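Chain lettering (A, B, C and D) follows the sequence in which the chains are written, and residue indices restart at 1 in each chain.
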């Protein structure tokens, strides 16, 4: 339903990956090739970390990314060493900024491609599972924001993989209880400014695609201002940014950690 | 924090009360004289009933009412026999369409001037008082929308005064339980296409102002297209639309019903 | 680049043609089949005539039509006997309300599918052909708005076909003078509340498609509230609203007049 | 009608002057004390220079500055050594991004507080004075944007003071020719990334206020991340940001240059 990208590595202008790459997120907003829908025009967002700020910045709007002039200028002028960005194709919930990804809580950013099946039947029960101390930061009405706040309730800030597992487990339990048999799709990224955790999971069927690349020389070629890219640059994406880089497909049921130490891959299952 | 108007009577262009009157809602959006703040620029909305439609129409946007050209055209071209309109001054929740009044559920419209004190502490508890069958129509994050859905849960569609009383009673109970001592302010209107129910209430202190007028000849003078206004035209407002009409102040702790039979006034208390 | 529709006939809820028809304008905004681009997501607009108003109403916004809830409500609640509506795919000019069609001047509405080639080279010269008395109503930066104001300057309000011919002639003269050889595409509609004038023209190549239908029983089937549709209902469109109606293709180099007397067809050439 | 600020000096988060200062631009948007109107809610904009970009970035929107969450994040995360920002109170022209200041052309930014009297009578003639090579970058309908493009036509990029003088002279000539006797108000700033040129001028009466300050230690106190502010930090404003700094009033008929060499003051008159 949506497309997203997450970057960590040396500071680069965010527009490099979001706008200038051959199959950038902006291009995907009009012509996604691997998404459930070719068009992702129901709002967008970008969240990024800056050296001088404790909390990440977030810029979200309801316009399609492709016709927001501000998006181009803001992402070209901000150089960041870690950022997440998302373009949305709503499955019915309102097109409003508070439903745009990434969502933020303190130092944490979260974005999601997928869905909780028959969420309207589960919404109330799932909200009930969210702790009082996280409840008030819910600003919108998406399943994605609820998933993020479940993970926060389950300890995302101390053990992200465990919190994400328990989140999925909780959703599946409520689905069982309601007799809901659809596909739970969860291709998501969460970041704290140091590490990006990305998950590719579905309770059945094939999970939404997820790829990563560590060979980013192509980005350097795109921008004459960029100096040599040091080791450790990583891009995680819903679909590849172009043919020039080598992309690794993340297998179903997998969590990856991307940070200064490179990419770690481990199994992910609800728990 | 906000200003609103509700009209019932013969079909008139909505702009007559919303824009053209001397102290119209549009004027109040820039220079309210009786509100908590002079400016109400954080979005607006209008809901109206049409003869050929089962559900009322709603037009809401996040711009200030005073610089939305569409608002002028839409309200000048739509003639309606019952409409509600609202201009918002947020106390902190997001400026998004889903937080703009009036809120709609089936044939019902609801709008509110006031606040639930320390709502962030009560939000979770109050949400869980809302029934599953009404839960999914919650689209925003305001206290007002929660009040509306509490009233729906408590039977608004069959006995509006009782449902509103129980709503207030529930909120006061939760305030007590949390030791919250602030002012609960509730100057609200709810309508079903036949009757407008308006309440002026505060648990302590003076409730937000509320007035009504039945002498609307002045509106006729404003618009040469209007034919004679039949008996039964009623406007209920947060603050008077101008000095030319005779305005009745609604006393604190009062509910009024306005419809074809005129205005009925009765006591209102939480129950 | 764009898609549009124009309707004249008995009062109908505008949403019937704009949203509910099988291949409605809303559907075309996401999946146009005959347009230069499948997607028309760069703003939209609707203009309509009401019995009690001297000037038509206009509602335009920069969102894609498909995710503006207001668009649905406003067009479902307004019944009109003549309206124009347009969805935009910009070729580069800003996505702002003042660049959305239809454009309005007094009782007149204008909308356009097509383009003036290399308009950036001609813009200044064409603007200076516009008379002082029409100049100040230019609010945006599109070629379409300039074409409308040229037509106004050349007497649109008294002889629409002649004014449109002279407009095209003027543009072609300036193209010649600048040595511009591209295609001038002009599939446009202009209305005064009594008659819709629609033109299909290109200086070379095939003009953008244009169709009309007078057999609108299908619309009646769509809406149980509609009474028998009297003779004289006409829809003019960029592409057909569905397979159930019989659509006449307007030949290249043609102007049609649609109004109470039915459809008149005549040759159109720059003059 | 409007308020603006221009900063040059060491890199600071833009939000320091735009949001955090006691009487910041954000505060002025709701409660300007020296402006023609207390409220400036008809859009806003900020333009800034970044070391790695040849052209300045621009972020503009039609919302009031006070309810745009993006504005807070973008200006807190971008550190800049030169930026201009503006809040708008329209005198009637459309509230659209292309009418928001600052305007940009190549490396140049321009913003304006004031007005050309009876601009609707002069607009066509003044547009005529703008050269073809600058004409196509006009995107909106304000008098301010026309003034900027006149200055570009008259050599702003090589001799800013002379170009601004000739611009005002041209406007006054056209006013004379049309017999327009109103006040021409021109408190404006233009920048090229190295120097800010600010003018305070009116053809009669008192020009809109203009101040500057070079003692910015107070900004340092506001932000613990700021290191020692080197010599040469300068803020030019429509009205002071607070009482803690010493503000110099720019006299009527004056142009100041602010840059690395400090502030130069010289007479300004139309020429």
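In this section, a residue touches a chain if its C-beta (ideal position, glycine included) is under 8 Å from a C-beta of that chain, and two chains touch if they have at least 3 such contacts.
Remember, it's a predicted structure, so these values are computed and weren't measured experimentally.
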Intersection of the contact lists for subunit A and subunit C: B, D
Contact-pair overlap exceeding half with A-D, pair selected from A-C, B-C or A-B: B-C
Cα-centroid distance, subunit B relative to subunit C, in whole angstrom: 38
Sites on subunit B at which at least two other chains make contact: 69, 94, 97
Of subunit A, residues touching subunit D in the complex: 13, 48, 50, 52-53, 57-61, 69-70, 73-74, 76-79, 97, 225
Touch list for subunit B against partner subunit A, complex: 93-94, 96-98, 120, 123-124, 127-128, 130, 132, 135-136, 138-141
Residues of subunit B touching subunit D in the complex: 30, 39, 41-42, 62-64, 67, 69, 90, 94-95
